[in-house]
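What follows is a pair of complexes built around chain A, which joins chain B in one and chain C in the other.
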Partner chain A sequence: MDLLNAIITLTNFVIVPAIAYGSQLALGALGVTLIYGILRFSNFAHGDTMAFGTMVTILFTWLFQSWGISLGVFPTALLALPFGIAGCALFVLLTDRAVYRFYREQKAKPVILVIVSMGVMFIMNGVVRFIIGPDDHAFGDGERFIISARTFRALTGLEEGLAIRTSTGITVITAVIVVALLFWFLNKTRTGKSMRAYSDNEDLALLSGINPEKVVMVTWIIVAALATVAGTLYGLDKSFKAFTYFQLLLPIFASAIVGGLGSPVGAIAGGFVIAFSEVTITYAWKKVLVYALPDGMGPDGLVQLLSTDYKFAVSFIILLVVLLFRPTGLFKGKSV
Partner chain B sequence: MKKLLLATAATALMAGSVSAQEIKIGIILGFTGPLESITPNMAAGAELAIAEVNAAGTLLDGATVTSVRADSTCIDAGAATAAGERLVTSDNVNAIMGADCSGVTGAILQNVARPNGVVMISPSATSPGLSTADDDGLFFRTAPSDARQGVVMTEVIMDRGIKSVALTYTNNDYGKGLADAFAAAFTEAGGTVTINSSHEDGKADYSSEVAALASAGGEVLVVAGYTDQGGKGIIQASLDSGAFDTFVLPDGMVGQQLVDDIGDGLTGSFGQYPGTDSAGAELFQGLATEAGFDGTSAFAPESYDAAALILLAMEAAKSTASADFKDHVMDLANAPGEEIFPGELAKAIEIIKAGGDIDYVGATAVELIGPGESAGNYREIEIKDGVIETVNFR
Partner chain C sequence: MNEMVKNTGLFALVALLIVITGVMQSWNTALLILNMGLISAIMALGVNLQWGFAGLFNVGVMGFVALGGLAAVLVSMPPTQGAWAAGGFGVIAGLVMGAVTIVLAVLAYSRMPKGNMRVLVMLVILIGGFFLYRSVFDPAVEAIEAINPASSGNIGGLGLPVLMAWPVGGLLAAGAAWIIGKTALGLRSDYLAIATLGIAEIIIAVLKNEDWLARGVKNVVGLPRPVPLEVDLQRDPEFVERAASFGMDAVTASTIYVKLEYAALFTVVLVILLWMAQKALKSPWGRMMRAIRDNEVAAEAMGKDVTRRHLQIFVLGSAICGIAGAMMTTLDGQLTPGTYQPLRFTFLVWVMVIVGGSGNNFGAVLGGLLIWLLWVQVEPIGLWLMSTLTSGMSDGALKSHLMDSAAHMRLFTMGLILLLVLRFSPRGLIPEK
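Then we have the complex of A and B:
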């Protein structure tokens, strides 16, 4: 019984949050990795692309809510998501037209594009704040829990509760669907294959008649979709605030690099590695150990490796270790 | 004719300055910076007391009181010191009403007030650190130290039979000061603080902070944060994961917005914030409305009391020199004597002139204790069905 309590506590406070956070990071990292693999630069504006897409989704959510349209137990934001993706895709395509294309035609070095993307980041940052403001917005509606801690305790009679929020469930399911779609697209469709060819060897791809502008356009659209989905899921699960999306850039890049830049499988693995490390290293294990160990053996201290203040430091440390010992990442991406 | 006029005017001025003194009170508050929304009302509170004394015209046999404003910025100790220096050396103020934030108040006290021997009464600095600062008897505050809130919160929790709490605070001077004061008081009273951890404001996700708090355990969670910042996030995440059901809310966390945002989950949570059921508070609000400012604004009543105490102390000492009247502040604020409410400053001056004793109650039921700080009156609240209800005064 005590062991069961230990497992429930662990699931409630570590495994469930980490899986949700990991899925969100993985979707974000997929976007970064696609840009790196196909357009060949690190896109620092990715966090703010997420914020922009989420903002459009929120605006549509509010519109639908004012019309009285809802999805019942599901958040209205799911209905607004396609519009958010469209809005975000339009915006990044415009950005590409106005900014990146110029540098692509110059055959600018990746490092120049990185700095350019930083400029784009600041502008997107400003645009999002200008439109929706710097404040917190919680836009989730519908049923809040799949199962709440109180219901779980009543059902099982256990001391510890397990809460699974609707947003967590939606995050995981959506992430699985999106990833499956992406892999199917990259591996099975003609456009997907041409994208991979372009990524592997640009000159050879051009020789075999692949239209580079089309590849670039499709890449941006996919990235906008991934960013909007990742951002909306994160916002539903936590809350939307322009600044926190900017901060997400670090764990997202850490995920992409740990997994191996340019490798989609790596991005997913990296997302979960970072999420689980952040959560487990800053978790206080006292309660779990007290339940798991025999009576009297439980620790008095908190058994916490790092205070939660240092959460971001965990991403940094993992990033450093990977870059030092395995610069191509876990899944043999491109070396940074 | 012109010369005659000039001469008459000059004589009149001379005569004026001979017969009546002019008293200058420096009002140093953060008119720019994080507190800029409430400082205009605080200054208006102090100036209300000054206007009342001027209207009576009896202080020190007809002295006129003027105020000089200066900007403490609330956060920049260097700028605040310069502003304080200006008040004392160039405007020649007799006393200072201020400053507002604890950091700049400490800086002005050590760099300006003590070297120049000027009395300083702060209406809003609550850091426990100021209780032990060297002040040569020159520094007072009409706001209670957060150490006091720690004790009151301990009583509120203990009276409900709760012996073990988890504690989280927003990572700044306010949060840390309050959390440390509370942890010390609670442990001394025989309770257990299972964890004392900080949280950063402005994050989207507090699940890992809550996970650590939940692991440490405790019957309730004390959240020393802000309603629209991390405090709210912590409460939401705790309710979501079922980590805690009941929360203790100190002054920074009491706000209707929080109750509206969180909803049912907050029912049964309790806490306290500065407030009094003394008649003085209402009287002051009436006076403030007449004078055209908001008397319920935070620390405006404290500002009125600070300025009033300075002026009454001058009357009691029959002197405008800080060295003379600094010893009278405590006597006037505390019993015994006739109780003085807002709007009764003229009466107070008469009583003091006649050699009587007063107990200045003012707008905030002032009672100065220890090193010259307000004992502090708190309103104990509980959240019932989405409404903040006052259940007790402490």
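Then we have the complex of A and C:
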């Protein structure tokens, strides 16, 4: 019985949150990795792209709420998501046209593009703060829990409860659908194949008649979609704040690099590696150990390896270890 | 128009803008802008050394600046009574143990033959070392934080004059840069960017959470100052008399006098560093650095140790950022880890370097002064612009939202300036020769 309680506690506080966070990171990292593979630079504006897409989604959510439209038990944000994606894609395509294309034609060095993306980051950050402000916004509505701790306890008669929030469930399901769609697109469709070809060898792709501008455009649209979905899911799970999204840049980059920059499978794996290590290392294990160990053997302290404020340190250390021992990442990415 | 005249003109323009601020707003504001501008110019010099000379992409400026601030606290604050006896040595012992663990693990990795045994030994060393470190470190920290937590609860400083903190800040930052450089240099350029971005966040996290060190988010206030207090000046009859002879009241005169003294101190540091950077740029060492930047392969073929040279300049540039950080904390008179934000301390410095002209020391200084001035002034200008634009609108939710949001225009403006300069004048205001 105690062991069962230990497992439930573990699931409730470590596994479920880590899966949700991992899915969000994976979606973010997929965007970074796609840009890196096709446009060949590290996009520092990605966190703010997520923030922008989420902001548009929130605005539409408020609009729908004011019209009295809702999805019942599901959050209204899901209904607003397509509009958020469209808005984000529009904005991203506009920046590509106005900013990035010039450097692409010049064949500028990747590091120049990184600096350019820094400028875009400033602008996006400014726009988001200008429109929605720097404050916290919670925009989730509908049913809060799929199963609440109290219901779970009543159902099973266990001491510990297992709560699964609606946002967690939606996060996982949406992530699975989006990733499946993405891989189907990359592997089965003509445009997807041309994207992969362009990423593998630009010159050969151009020779075989692939239109680079189209590939770039499709990439930006996909990236905008991924960023908006990732941002909205993160916002539903926690809350929306422009600065938090900017800070997500570090774990997202860590996920993409750990998995291998340019490799979509790697980005997903990296996201979960980073999420699970962050959660397990900053979790206080006392409760689980007290249940799992025989009576009297339980620890006195909290058994928390690092305080939660050091979660950035965790992703960073994993990143360093991978860079030192496997510079191309877990799944062979590009290493130029 | 010859180059000398143009550059002098640009500096004169910045001076004029500061004077206009003095006349239009107040001389206190103008001097405040000048002081932070001088500090920003020093930060820009540091980044220019790394990016302009060597092409190293450091986005961890914030971390080095914060380390400089930490140095100001550790050097100048009076020691906390009994903190060292309670746990100071325990903390040091713990930290040394942590360092020894890492060194042992690295040794095990480099000395032992490849295989599962090596991984196992390394893991045992790391995990064992971690728990040993926590068992020594935690009680010591608890003991220190228990001492008078409302006003101190930290280890305190050495009680030395605050000016000594400036070089120490440089040293601290240099030490951190050496560790980062050792691991991340030699990898590709984007990776150095991510590594520095991460380490800056971690340094801020450490400052926020390790209360025993500098009180964390409880902040350290009331740092000793290198210049007299305004209140003391106002009490000094001689000073009041002299202020009166200039036709100023004692309060305004004292605040301006103090700021002028700071400005003089900062100018001295800036001039020394600028002179050194110019010397370095024109020396064989500087030419070698630029040769490495422009073509690493060729430089390597000529027998230059690229990674070592990169490490060298990375450490030097970060040290300059550390000095600037210590100066800034001295100017503020307090260390507030919560206020360090990457947009303000890392990316803004980058805008300064790019706009001023990467690779040119005078350009970096100009960029530092100019962009800081803009950063401060965009807010009132944006507000004014917005109120002019919306003056025809009827009062309502939209108008008040626009007025509230005008304050956020500065990020947008900085981004726009950066993109415009990159596009139309990629070599900056004062290009590299």
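Simple rule for what comes next: the second predicted complex is superposed on the first by the 335 of 336 C-alpha atoms of A that agree within 3 Å, B and C clash if a C-alpha of one lies under 4 Å from a C-alpha of the other, contacts with A are read in each partner's own complex, and residues count from 1 in each chain.
Keep this in mind: contacts are C-beta pairs under 8 Å (C-beta built on N, C-alpha and C of every residue); 3 or more make two chains touch, one makes a residue touch a chain.
From a predicted model like this one, the values you see are computed outputs, not experimental measurements.
Chemist: In the overlay, answer first, second, both or neither for which of chain B and chain C A:116 touches.
Modeler: Once the two structures are laid over each other on A, A:116 reaches chain C alone.
Chemist: What is the contact status of A:302 with respect to chain B (first) and chain C (second): first, second, both, or neither?
Modeler: A:302 contacts chain B only, not chain C.
Chemist: Touching A:86, do we find chain B (first), chain C (second), both, or neither?
Modeler: After superposition on chain A, A:86 lies in contact with neither partner.
Chemist: Looking at A:206 after the superposition, I want to know if it touches chain B, chain C, both of them or none. Which is it: first, second, both, neither?
Modeler: It touches nothing on chain B or chain C.
Chemist: Could you look at A:15 and tell me whether it touches chain B, chain C, both or neither (first, second, both, neither)?
Modeler: Neither: A:15 stays clear of chain B and chain C.
Chemist: Given the touch rule stated above, what does A:285 touch, chain B (first), chain C (second), both, or neither?
Modeler: first
Chemist: Does the superposition put A:129 against chain B (first), chain C (second), both, or neither?
Modeler: So A:129 only meets chain C here.
Chemist: Figure out whether A:323 sits in contact with chain B (first) or chain C (second), or with both, or with neither.
Modeler: second
Chemist: Show which residues of chain A both chain B and chain C reach, each in its own complex.
Modeler: Residues 243, 307, 309, which sit in both footprints.
Chemist: List the residues on chain B that touch chain A in their complex, please.
Modeler: For chain B paired with chain A, touching residues are 171, 195, 197-200, 202-205, 207-212, 214-217, 228, 233, 240-243.
Chemist: Flag every residue of chain A that touches chain B in the complex, lowest number first.
Modeler: The touching residues are 9, 12-14, 17, 21, 136, 144-145, 148-150, 152-153, 161-163, 165, 234-235, 237-241, 243-244, 278-279, 282-288, 302, 304, 307-309, 311.
Chemist: Name, in rising order, each residue of chain A that touches chain C in their complex.
Modeler: Chain A reaches chain C through residues 41-42, 44, 99, 102, 110-112, 114-116, 118-127, 129-131, 133-134, 243, 246-247, 249-250, 253-254, 257, 261, 305, 307, 309-310, 312-313, 315-316, 319-320, 323-324, 327, 335-336.
Chemist: Which residues of chain C touch chain A in their complex?
Modeler: 55, 57, 59, 130, 183-184, 187-191, 193-195, 197-199, 201-202, 205, 208-209, 341-343, 347, 350-351, 354, 404-405, 408-416, 418-419, 422-423, 426
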